[in-house]
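Look at the two complexes coming up: chain A is in both, with chain B in one and chain C in the other.
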Partner chain A sequence: MKKGLLGVGYAVPRQDAWTKVTGEEKFAADYYPENLLWAGAKRAGVSHGRILRVDVAAAQALPGVVAVLTRKDVPGTNRQGIVHKDQPVLAGEKVRHRGEPVALVLAETREVLAQALARIRVEIEPLPAVFDPEEALQPGAPQLHERGNLLLRAKIEQGQADEAFKECDVVVAETFEVPFQEHGFLETQNGLAWQEPDGSIVMIVSTQAPFRDRFEIAHALGLEMGAIRVISPYLGGGFGGKDGATVQCLLALAAMHAGGRPVKMWWDREESFIAGYKRHAARLYYRAGAKADGTLHALHCRLYYDSGAYAHLGGEIMELGMEHAGGPYRLPHTCIEGWCVYTNNPIGGAMRGFGVCQVSFAFERIMDLLASKLGLDPLDFRRRNALQRGDKNCAGVTLVHSTGLVPCLEAIKRHALWTDREKWKQGAGPFKKRGVGLAAVFNAMGYGRGLPDSAIAKLELTPEGKFRIYNSVPDMGQGNATAFLQMAGEILGQDASRLELVPPDTARSLPSGSSSASRTTYTFGNALIRACQEMKEKLCHRAALVLMTDEVRGFALVPGKVRHLPSGRNLDLEFLAGLFPETDRSSVSQFVMPVAQDVPDTGKEFFIGFPHVFFSYAAHLVYVEVDELTGTIEVRDYLAVTEGGRVINPQGFEQQVQGAVAQGIGYALMEQVLLHQGEILNPNLTNYILPTSRDIPGIESMAVETVEPTGPFGMKGIGEVGANAPLPAIAAALEDALGLRLTRSPFTPDRVLGKMSQGAR
Partner chain B sequence: MIRFVLNGKEMQLDTPPDRRVVDLLREDLGLTGTKEGCGAGECGACTILVDGESRLSCLMLAAQLQGRSITTIEGLRQGTETGLHPLQEAFVECGAVQCGFCSPGMVLAAAHLLERNPDPSRMEIRAGLSGNLCRCTGYVKIVDAVEAAARKTENKPEETAPKDATP
Partner chain C sequence: MKKVLLPRTLCELWRHWQDEPGAAIYAGGTDLLVQMRNAAVHPPALICLERIAELRGIETEGDGIRIGACATHAQLLESALVQQRLPILAQALAVLGSPPIRNMGTIGGNICTASPAGDTLPPLYALDAEVELCRRDGVKHMALQDFIVSPGQTRIDKGEVLTAIWVPKAEGYNLQHYEKAGQRQALAVSIASLAALLRLSAAGLVEKVRLAWGSVGPTIVTCPAAEEALVGKRLTLETLQQAAALVRQSVTPISDVRADAAYRRALAGNLLLRLLAVPR
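Up next is the complex of A and B:
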C-alpha cells in the first residue's frame, strides 16, 4: 500500500493511513483472542469516605464469574502514580473520589461481568469532602491524604516584582477560571493481558508510555519489571490521557488471577469519564503592569490547580504552567506562585498543553487589558515585548535556542485576515456582532531538568533487504511513526517499500521516554538519525569489503542497493544482508535532550521538570460572530501561525495544528466537566459536548520555519502549542464584538447572554 | 437464524436476536474495522451501511439485520480498481486520517452522503458528517477529502477549493 519517496520535508500521507482507513489496523481494543475473560472495576460512587465492608459473596456466586478481587488480593505497594505514588490500584481503607476502584471482577462474558459488578455491596461511611482547591487549603478543611491536601506549593521569582509595580504606569488585575476538560479520545482506555507459564505478564494496551508502565505495574503489584512486557499498538487518540496507568495495574492484577487466559478490560465511555484523568481545573489571580512606552514590567500571579483526588502529574503540570505564566514575553520582574491541591474531584492529569492552556488564557487577556489601557495595538504591543533569542523568559532562563514568536506575529500582521478585519466586522447582519481576537503563546518541549529526556533507537537490515525501525515511542495519532520513516528514508536513501516500523514493544524496542511533552519526534528522531548514520557507514564499509575496494570511499545508498559511484557497481541490500550475521545487521543509538545550563535560583520546590529550555511559539487570529439573541458564538475563520523549527512533514504539521486548534475551540466554547459534589453530571458524549464538523471552521495553518540546530533535521515539537491559543483568542474576539469580558470559560450561550444582560444594566 | 448479506456475501447466523450489531461484527465475525467509541449513538465510530444508508451499529440489534444488506469498512473497497474506495484514497492523500479510530465510520458516513448528494458544498459536507466525531483533525482535512472524492467520482475539473467561511 505504501508508495513513493519518504524524504524529510515531503508532505507524505502518514504510512499508517492505509491500514487505518480500510479497518485493517489493529488497535489495542481490537484484540479478541480465544478463551477471553472480561475484567471490570467496581467503583466507589462516593466522593470521600471510609470503606467499612466490600461484600463480594453474591458476585462470586454468580455462574461465569472467575474471580472477585479486593485490596487484600493486591500484592506489592498497591500504589500507582508517575512521580508521586499515591493512587491505590484497589482502595481498601479510604475512597477519595467517586471513580475510585474498590473491587475487580473477572468474568466469562461482558454480560456476566456487568451483573457481578452490580451485585457487589460496598459499605462506605461518608466523610466530609472538599471540591475547591482554595477551600481545601483552609484550616479545618477535610483532609484527603495523610500529608494533607497540598500536593505542591511553589514559587518562581525573578527581579523584584512588588517593588517593580511602583514603577509601572499602568497596572491591571483580573481573575480567571477554567474547568476540567476531558480528552475525549475515541478509543477509550483499554488493554488485553495474560500471564505466561513462567509467571511473566504480557499486555497489549492503549498507552503513551509502555516502558514506564512496567515500572508502575511492577511497583504496584510487587512484580519484577523484567517480567512485564508491554506492547503499544497505534492509539485511538491519547492527548495525555493515556500517559500513566489507566487500565494497566488492574489488568495485570486480573491476569495474575486468570490462570493464563487472556483478560480484556475496556472502559466504556462513562467509566472513561469517571475514572480517567482530566485537564486540571484552575483559578488564576493575575496582576501585571507596564511602562507608558509599552514595555512589560511586572507580574504577580497566584495559580490554584485542582489536582482532584490524586497527584498523577499535578505538580509537574503546575510547574509547566508556572514557567509559562508570564507568556512568551520579556518580563523583568515576576512573582509566580502556585498551589496544586488535592480535592475530592476526579483526577487531574496530563493533557495537551500540560498546565499551559490555563495560564495562556489569563496572560493573553492581561496583555489585551494592558494594551487597551496603554492605547496600543494588541499586535504591536505583543511584538514589542516578544521573547527573542538571548532574552530571559519569565522564569529567568536564557533562551539560547530557536525563538520565533516575532516572525509569527509579523506573518499575522501581513495576512489579509488581519488587514481586512475592520471591514469584515462591519458586515455583520442584524442581531449579529463580530469580533476579532489575537493570542500569542508558547509551549515547552521535553521533560525539563531532573528527568533525562532520552530515547534509544534500534535499526535493523532484514534478510529481505529492508530497514526495520524498532520504534519505542507510541504514535497516538500525532504522526511520529511516519516522521521516523521519513528520517530513515532520507538518510538511507530508501523509498517506502524498503522501510518497516515495529510498534513499541518493551521486548523488542529499547527503553525510551513517553509519547508526550512535544518531545516524541525530537528525542527519538535524534536517536534514530544516529542509528541510521551508523548503519549507512557500516553498509558502505561492508560493501567495500565485498567489492574489494582499497578504501571506503565513493559509496552511496540508493533504493534497494549500495552503489560504488566511481565504478557504478551495485550490491543489493538483500545480498549484503545475507553475508552478515544478525548481530552485524543492526545499529543502536541514543539521545538525551539538552537542558538549561543557567538554572535560575528559584522554583526550588520542584522535584523534577524545572526549568525547560526549548519552546515552540505560535500566534493565532480568530474571527467570531455572536448572535445577540441566543448568545451563540460562531467561529467563522481561523489563522494559526506556528514556529517549530524545520517542518519534517507539512501535512503532518498542519494536522497537528488544526487538531490542537479544534480542541482549543472546544475548550473555549463548550467543553466542561460539570461537577456537583465531585459527581460528574455529564459523563457521556450526549451531554459533554465535543466540537463537531459544524463547530470548527476552516483553519489556515502557516509554518514559520526557523532551524533548531539540536533538533532532528532542525525540528522542534509542535503537538501542544496550538492548543493554548484558541481560548484567549476567542475571549479577545468576544470582547471585541460585545465589549464584554468573560473571565470564566467555556463561553456557553448561557454565560454570554448572562454577561450581556449584566452589561446592559 | 438471521439471514442477511454482509459485504456482498450471504450470511446465515445463529445468534441471539438482541445481540448488538457492533458486537456481532467485532467479536463474532472479527470485523474490527467497525469501532466503538461511546455505545450510545453519539460518536459515529461504529457507523455501517445498511442497504446503503449509514446506521450506528451500537444502536442496532442482530434481529434488525434480517433481510438487509450490510457494508462494513472491510467491504467498501470490494470491486475497486486500486483496492481502495475513492473516499478511502482521498482520506489517505488529503491527510484526513490521524489516530484513525473515527476513520472507518467517517468514511462510511461520507459514502452515504455522496450517495445522496454527489456534489456537496463544504457546508453540506460538514452537515452530513456532523454525526461523526473526530478528536484529532479538526475536520478540515476530512472535509477536503470528501470534496476531493466527490470531484474524482464526478470526473469534474479541479476547481479552486472554496473557503469555509468569511463572506
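Up next is the complex of A and C:
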C-alpha cells in the first residue's frame, strides 16, 4: 500500500520506484501469456537494392512455423511514418537500408523463429548507394525515393544577414560534424499483440505515443483506428526512440495471422541497433559576426541532417534544430538554411534534444570563438547577448513567456566552480592538462504551430472513495506519472493511498499527444489540474447538498473526506461516491498548449512545427582533465543550472538533469554509431560505448525557478534541455586545456591524441 | 537446452569429459557464453570447472605463489597475498571489466582465452608466470609466454585443463605499474596496456626492469631492447623517450573498431613515459 503525502514543490519519491525495484511493475517485455507465438523480421542486409525474390518455402516448411509473411500479405498502404508516410512495413520492391524488413515470421518458439529467419532466402540486386547527405544532393547521386533524396529544404531568415556581415567587426566561421547517436535504452523495442474475436487488435507495447500508434497502424494495414487498442505500461527507457512505430505495424500484422493467439516481438540489442532509429548525424557550416562592443550581429549557417533511409520525423527535427541554430541569444540578422536528406544509412529519428543537440555544439563553439576574438570573457559575452523576455529569438519569434537564461548564467558566475576555476586548472599533475568549459543552451517545449499540442485528462471518484487518474501520456522514466499524482494530491488534498493512476490505454484513457517534446508534464498536467479542480468543485457542491448548507463556501477536501470547515462536519468520500451515478463521478478536461501569436514571415517550408514559443534554458559548467599521453578526457566536475519554471518535484528535476548530462557526456566523449557503407560496425553494447558510472562525475544541479504562468503550478518541461550542453561545454573545456579545437565529435582519446600531435608539429 | 556438467573434483571432471568428449570447458563463462550467444561456437555440452576444489585457492608455494586457475578476479583482488606480493596484478585486476565480470571471470579463463587484451596477461608475462596443466595421467608446467600462441590459441593439449598459475618470487621490484588505455573508465577492452616492473637503486638507477604490453600485437608484447635501454639509467623523460621509440618499432598493432594501429603504436610508447609520474 502506497502511503505518504503527495503535493507539489517537494521531493516526492517516484510512485513507481518500489514496484520497479521489486520487479512487480510489468514492462511491456514482461508479458508472457499462455499459448504465445513469437514474431520476427527478416532484414535485408543490403544498403540499397531491388528485391528480386523472397523465398520463404524452406522457412514455411519448418515445424513450428505458423506463418511467413511478405509484402503481398500486407493490406492497406504498407506505409508507416509520423508525418511523411514513406516507410514500408515490409519492403516489396526496394530496400533502402540494411535493416529493412522483407519478411515476417510467426513461430512457436524463439528458437524456431531464429531458424526460420535463417532459412529465408532474399535475392536483392544491389543498387549504387549513397551515405553522405551532401553527396546525396549531388547531380547523378543514387536516388532512394521517387521524389528524390531531399526530404526537406528550408530557410529561416530575419533581418539582412548578407548585408549585416559587412557591419560586423569580427567574423568567425567553422564547420562541425556529429555522428548518429543510439538511444541505448535498457528495454529494447518490443510488444505483445493479439486479435480479438471481433477482429480488433489489442497491443501492449513499449511506446511513447499510444494514441498516434493507432493512426500509424491503421493507415499502414488498412484497419479501422477504432479497432486498435494500444496499452502502454511504464517504459524501460525511451529518449525519443519509441516515439513512432518500432514493432507496432509488424506486430499488428503478425497478430492478424495468429488466429487469436498472442504474439510477442522483441528486438534483441543488435536488431535494436540495426532497425531502430537514431539521433541524426549532421554537418553544420557556421559563420557568425559580432560588433566590437560584444553585440552579436549576424549568423549564416547551412545545416545538413542525415535522415537515413526514411523520414521518420527528420523534417521536424531539422526544423527544431534550425529554430535553435542561433542559440539562446539576440541575433538581429540570421539566415539559417537546412537540408534534411535521405541516404542509405540507418534511419534518423527523434532523440532527446530533437535536432537541437547538433546545433548546440556549433553555436556555442561559435560563441567561444567570437568571445576569444573579441577578447571578452565567454560568460560575460553570453550574458550580454542572452535572450530576455520581449526579445526576438533567431527565428524572429517574440519571447513573451518565462525566459530565464540570464539568472542561469549569473548563478554560474557566483558559483565556486566558476570563481575557483583558474586555481583548479593550475593543480594538474604530470602529463595532465585541465580546462574549464561553459555552454548556454535552450530547448523548445511542445509541438509548435500547426499540430495542436493537446492532452485530455480524465479523473474518476471510485465507489471506494478514491480518485483514479486516467493517464494518457506514457512515463518512460522521466517521472511524469509521479508528477501527475503530486498535482492531483495537491488539489484534491489526498495522500498516495487514495490516488490511483491508470497507465495509458487507448480504450480507457482519452486521446492525448505523445510523451515527447518536453511537453508531457506541461500539457497533460494542465489538463489534469482542470479536471481535478472541476472534481473538487463538484464534490464540494454535492457535499453542500447532503449537509444542507446554504452555500458551498467553507468546504475543503481532506484525506478520504470532504469537510465543512465552519462546522467541522465530515462526509466520507466513499459515502459521497455512493450517492451519485458513475456518470457523475468523473470529470474530463482538455488542454491545448498556447502557440506563438507573431508568426514570422519565414520558414514557409514547415507546414507543421514552426515556430515554438516556450523554451527552457540552461547553463552548464564543466571541468575536464586531459591526459597528454593517452588523449583521454576525464570529466572531473559538473554544474548544471536549469530554468524550467517552477519545480514540481526537486528529486525528479535533478534526476532529469543528471540523466541528460550523462547522456550528453556520452555524446561528447564516446558514443557514435560507426558506419561503413551503411553497415553498423558496432551494433552492440560491447563496441557502442556508453558511459559508465565511472565516466560521469558528480553533477550538481541547480534550478532557477522562474514562474511560467501558463504552466501547471508554473512549470515548463526540462527533459531535453540538459542534453544539449555537455558536448559544447566539454569542447570548450578541451580547447581551454590544450589550445586545440575539435570540431568533430565524439572526442575519443585517439582523436584527441591525434589532434595533439598535429598541433605539436 | 544444453547439458551443463559441474564436477566437484578433478576425478569427476575426467569422468564427465569421457562421457562428453566434445564438451566446452569453461569457468566463469564471461567469454564462452557471449560467443555462444553470438552463435560463434556450438558446443554439444558444457563442463564448468569453477566448483572443483583443487582449482581454487591462492597460496604461497616454495618461493612463489600458486593461484588456482578458477580463482575469480574478485577473489584475487581481495587476497592479501596478491595485494602484498603481486601489486601489479592487483592493479590490473582493479580495471578488469566491471564488478559482475570480476565476480564471474577467472584468471585461468583470462589466460586460456588468450586475447592480447586480457588484462591479467601483461603482469603475468612481466612476472615470468608459469602455467600448470593437468591431464588424467599427469601434470606439466610451461612458461606462460610459451603457452600462449596467438589470439585465442594456446598450447593446451586435448584432454588437458589449466589447473594453476605459478608466479615466482618477484625480484625486489620497487616500482610496479599497470596502466590500461580503453574507451571508457570501466568495462573497457584494452586499446593498449603496459605492465612495468622496475627495481631502482637508492640512487635512482634502473637495476632490473620487465615490461609487457597488451593489445599492441597478436599476443602480449615484450621488448628486451627497450628494457636494455633503461638498465643502468635514471628514469628521465629523455631515457624513457628513447625506450618508447624502440617499443613503437617493435609492436605490431592492428586497427579495429576500438582504435587504429597508429594510435595503438603511439600509446605503446607513451604509456612508458607515465613511469615518470608514478609515485614512488
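What we mean here is this: the second predicted complex is superposed on the first by the 760 of 761 C-alpha atoms of A that agree within 3 Å, B and C clash if a C-alpha of one lies under 4 Å from a C-alpha of the other, contacts with A are read in each partner's own complex, and residues count from 1 in each chain.
Operating definition for what follows: a residue touches a chain if its C-beta (ideal position, glycine included) is under 8 Å from a C-beta of that chain, and two chains touch if they have at least 3 such contacts.
Note that the structure is predicted; figures quoted are calculated from it, not measured.
Of the two partner chains, chain B and chain C are each touched by A:692.
Applying the stated contact rule after C-alpha superposition, one finds that A:159 touches neither chain B nor chain C.
In the overlay built on the shared chain, the residue A:26 is in contact with chain B alone; chain C does not reach it. In the superposition on chain A, A:654 makes contact with chain B only, while chain C stays out of contact range. Between chain B and chain C, B contacts the larger number of chain A residues.
Contacts of A:332 after superposition: neither chain B nor chain C is touched. In the superposed pair of complexes, A:753 makes contact with chain C only, with no contact to chain B. In the superposition on chain A, A:76 makes contact with neither chain B nor chain C. Chain A residues 686, 692-694 lie at the interface with chain B in one structure and with chain C in the other.
Contact residues of chain A toward chain C in the complex are 429-431, 629-632, 634, 669-670, 674, 681-682, 686-687, 689, 691-695, 748-750, 753-754, 757. The touching residues of chain C, when paired with chain A in their complex, are 98, 181, 183-189, 191, 257-260, 262-263, 266-267, 270-271, 273-274, 276-277. On the side of chain B, the complex with chain A involves touching residues 26-27, 30-40, 42-43, 45, 72-74, 77, 83-84, 88, 91-93, 95, 97-104, 107, 122, 125-127, 129-143, 163-167. If you check the complex, the residues on chain A that touch chain B are 1, 11, 13-14, 16-18, 20-27, 29-30, 32, 183-188, 234-239, 268-269, 417, 424, 427, 476-479, 623, 636-637, 651-652, 654-655, 658-659, 661-663, 684-686, 690, 692-694, 696-699.
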